[in-house]
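As written, the chains take the letters A, B, C, D, E and F, and residue 1 is the first residue of each chain.
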């Protein structure tokens, strides 16, 4: 039986939707509750806490399993076992980045070119300290509790901040000169718990369910019919992720082909399939994919 | 052609979603309209009224068919024909219960142990009266128009109230000592209308559509491929609701298996299937199931 | 590479949902941005503008492709190429109509019966001018910037206005006496761009994707099993849009039948199929259909 | 020390605003709490309950003082002491009315003209029963739990319902043929508590504060300067509620006049005052007036 | 008895608040009604219409009195009588401006420097036509139905648009090179109605009430006490709008001074008054001022 | 000219309302802007930052003047000059407290009784460290980033947290055993700026305006008339904050008395005044009071 800690705040909604879709729905009395449950024989306790604090608590074994961002695992340098990356963030399936930015018209092209005494505001003081130590720059690190990008030039000369698209950075008149970390959401385990084979097996099963949902999000099931003569040319068009499932139809109706296709390819693929003789092409949504 | 009365209030949203999913979408000018229509040859008139009033109106034949809670059918003791239970309530697919509750530290363990003269607040005075008559307790029944659980101890000694999870009852410092009724939403017919074979047939068809949606809500379609050698062991894992559909694939690719599985089993089943050799497992949402 | 102009305002939400479902998701910094992009090799520029202005801009070649209503194409008499009708409007898949209405108790039965000097308020002055010129009535056209139906009788004697269901017209105490135009949303091209074979091909592919989504909206995939003896009678019940896909099941389990059915037929079809021996009927949602 | 019961529901917001303005602010943990307090030496307990139930609880002495509508006092025929009418309702300072309504085209001009057997839907069955008994009509009373006006003609022939402006009644196609009660919000006391001189004195003081706020809502303070010559004619224009306060100004500047005026007179009075020589007219808002 | 037309849309909320504060509260069934009333003997009919249409309807005498912006009066060149400017707009008490703007890096410094053939988008085609005719520039005017500032450079080279602060213009990368009109909200009368002495008198009284509210918005009443010795120096500090009201206090307590002061002066005045010996300075809000 | 830093977050709304009421309205492009301005000759730059960071920035002279909580001044031990306490917090005019809490059934009565090794979660690690050092307890301090009260008992044994009413603490099943700080909002100055006489004078004037608003919030102006015979007894009832202003009325009407009274006294005072012969008592709201 596993104890689980989930991130409160910007990742909360997306995490709840992921668990729900994975048939591991989190039950809470209200949105503001910190304690919750999951109707699953493998999970006996769920708590919601700030993502900053999660790596440390999982390291100490206060929880067996947790979800947080790679940024906070690195910042805290917590000794945790990474079960897997989960490719989602607050709003998209893209990772976030921790970057170093300076005013757009600043001459520096990398962090190493910044002068000693440079003032840097950040919510990641440890990560920033290590970066500038490696770069050989004596930086003054000013801890930030939010709105980091607004502090140039009144408070500091540069910032180290999280960004998904870089647009807030640019809107603040700043320019990115270094990427210190590319950060995904991550499923992490307490090393002690992971050493227990039963717990590790349960963790991998949970991983399978979560991954199955994320995998399905970018895919659809395409079904089509095709005559024998065009079967090969239609199959050649299909993405080579996996062999398609082919069935011969009753009474010489030809063949039914079924395959999983990335959504990003659909806009090009469907018109092509039609051009090559596929008929009755239909696209169905998928809830989970497990290879 | 049937006339239909639907419940206004807490069941309204869930009922509209059910009819919509059953391809019996209710058309209303606005959310606040009491009269509506359905584009279906079997239904000629739809009205929204309070669930308390519905059993009586259906009994009197003012409507052929209605949806309300079992609680109000029992309270009113209306003579109506139950077509079927519809397993949904305001928020979940669970039933609600009408319970008797007293302060948490009260000595009574059942309603029969309450003293004569006990004051009981309730929105169900008839049902409560019958309960205490059967229990041989002379209770003073105080009709309630809401917030029943808040009336202990200022106004009354005990309450008879509706609850889904019991959490509001506990939060008010009360303890449940008897369950008087387990109540589902129900599709009821006027006995006179149900005696008309054409109307009864139309009612059963509507029942089939509504039931098909409710049945599908807790199920998914699982498709997987498997080699001949593992076919039997994979099939053995599948829930025995119904034989799965098995197709031999073209050109010796093995077998395609397709089956309907309860969502509640998925979190355990999918990891198991994978362990037994199933590949390309995908899960698809279902809109309706009719056995 | 195509430039595309999409309608801001009442059609905006439905248009964005359509493009999203067609895997042509429009990326915008915020809801209020006028410029956007689509991750698709065929589209290099997207702008949102008022539907009134779109026909003229597409005619002038400022954009290759645009979406607007047939009403504005007719009002502006812009010389554009119609790629296809897209059967959706603000809220439904029905067309809108431009109608002529008068007070409910007015004696006229058609526009031609209105007297010379009739004052008519409208947002479509050109279309209205042509209509009355054809009808041989000397009307005074009063341009309207909204709330047209409220202007009778204080400001004008009659109105020419857009309506979907006619209910706002009736609620204002008016009666429709002529329908001047039935208007669908339309995909239009600049004639110059359409004359370029590469651009025309890209436009038709986009048309295929959009149409595939709209087509799927009213359809579902029905799967069922049936024994050999009932196969023909079950197949006879299926709508004749297209031959159903039939598979013989493994080990004499009978046949699996799969077909696409209009949602509007489901409420009658499913009970019928069951009556004729179909079992394990399930209905699945479809994302796209391309014939 | 008084216990106080306030109405939950439609009168709740207006009641809380009144107490707040009277410097008797009600403190509650949250909007949904049923128990509350007031920082005032005269009040030791506050509870919120449905207005229907309040007359009975005050009659029984479960609370010393309560606020509810006259409609429910009459319906329940509870034996309570009326401390004062409070001229506010849900939205305005007007009373509400309980009326009898029939379809607009019904021939009856009064309730007494309705035929025996008439079906009447109402949330006030007792009041309705007494009305028809007095009128000598044998009516069938159908209890209503809301949306009463929508029940004609499907369920009943006439309704007895609460209305403020009559507009919902008219919108439902009905016509009012009798007014059975004009109902204000009322401050009521338990007869037992009111017989205690200390409690009665505290109740009258609370009455003074509440009344002081309601009185001030429709009034403003008008200040103006005027020369000796015009003093009398200006004073003659002022409403005769009370003699205005007149001060002679320093150094022969004339006179300063100050008076309280109903808001409803301001739109006519201010232009008049100016015409008669008043200068520097200013209008100030008033929080309370106690005569 | 006057008929009145008020502006629907961006000025609507501010206009309703103004009439409410002027004790000319507008009664409407709902926010979306176009017809309304005012409980005032001088007004018998109120209608809400788009501000663009109002000047023409007032000119034609369809309404006696209207409120709209100076921009639309000028655009339509309607022959109406201006009763007064009302210094409020959508959000502030500042006027709006109609300006000509070009891309920030465009060489032109005034409209007259723009080349022939310049394309200009605007919601004010007439006003723009006259402007360029006066400037001797042959401009191509492209009518706009919104989002005008977004049309540079895709659709046009320059725009004529309404702005309050210029920030939307700047945010679109444009630069203002000419101000064509400074526009206040305006109270306008039909010339025919204004020629009627009774109607003109009623209009001036309504003007007095509306003006009284707007005047009071920027002012407060300051009251203070001062000893005889400091009376003159304190009075000298007060703004010279009007002589302050001075009262000698009872029993040699000194003097009470009362005056109306602009809010914008308060932040400097109050500290100054205190420095010069004023005591018990209090500031009161004012609802109306009529000089 | 002063630079000013205001608190982003929970104090933001209340701070903006205070400055607005003090006629020092803060102008911002949007709610999310970090830079702002005030139309006042004494202020040239305004920035919004997190309250945690403000003491340090004011100490360093990055801003002349700032508003933050006493809690963060103490936590950071920043060397700043306190201009004055401003008695408001997020929701009320009460101070907040930093308290130490343990599970309700824990035996400790004060922090000093906690055992060595006690784990304490807090957003105030420095303040907590000093407290336990003084108490002679070796505590393990676990930094918290929110939801501190939810961390007992899963993560820690005790918490140090901010509370206004203690209700969230109690709701989490905890009991307060020590109050470490009573914290008001505070106006703080950079010592360097405060040493400049001009800046210090400007700061005191701003202090006067802010204080004038806060002072007025709990007060009202009471005006009443009284006959000579009752003048003294009425005046004796008035709170002795300040001598009331008394005016003899014109023509022997008696006396007009005017005084400022705390709102909290009104519920008792007004009924008393009436009992002692005061007439025409009216209460007016006050915007500012400066003694």
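One rule holds for everything that comes next: a contact is a pair of C-beta atoms (placed from the backbone, for glycine too) under 8 Å apart; a residue touches a chain by one contact, two chains touch by 3 or more.
Since we're looking at a predicted model, the values are computed, not measured.
The minimal number of chain-to-chain contact steps leading from subunit C to subunit D is 2.
For the pair subunit B and subunit F, chains touching both partners: A, D. At the interface between subunit D and subunit F, under half of the residue numbers appear on both sides, which makes the contact a different-residue one.
Ranking all chains by how far their C-alpha centres lie from the centre of subunit F, first place goes to C.
With centres defined as mean CA coordinates, subunit E is found 52 Å away from subunit A. In terms of their C-alpha centroids, the spacing between subunit C and subunit F amounts to 59 Å. With each centre defined as the average position of its C-alpha atoms, the distance from subunit D to subunit E rounds to 37 Å. Residues of subunit B in contact with at least two other chains: 247, 284-285. Contact topology of the protein chains: irregular, matching none of line, ring, star or complete. By the definition given earlier, chain contacts exist for A-B, A-C, A-F, B-C, B-D, C-E, D-E, D-F, E-F. Subunit C meets subunit A in the complex at residues 22-24, 29, 39-41, 204-205, 208-209, 212, 216, 221, 242-243, 245-248, 255, 260, 284-291. Interface residues of subunit A facing subunit C in the complex, by the touch rule stated above, are 167, 220, 225, 247, 249-251, 253, 256, 263-264, 266-268, 270-271, 273-274, 279-285. If you check the complex, the residues on subunit A that touch subunit F are 8-9, 34-35, 47-50, 52-53, 57, 62, 143-147, 150-151, 154-155.
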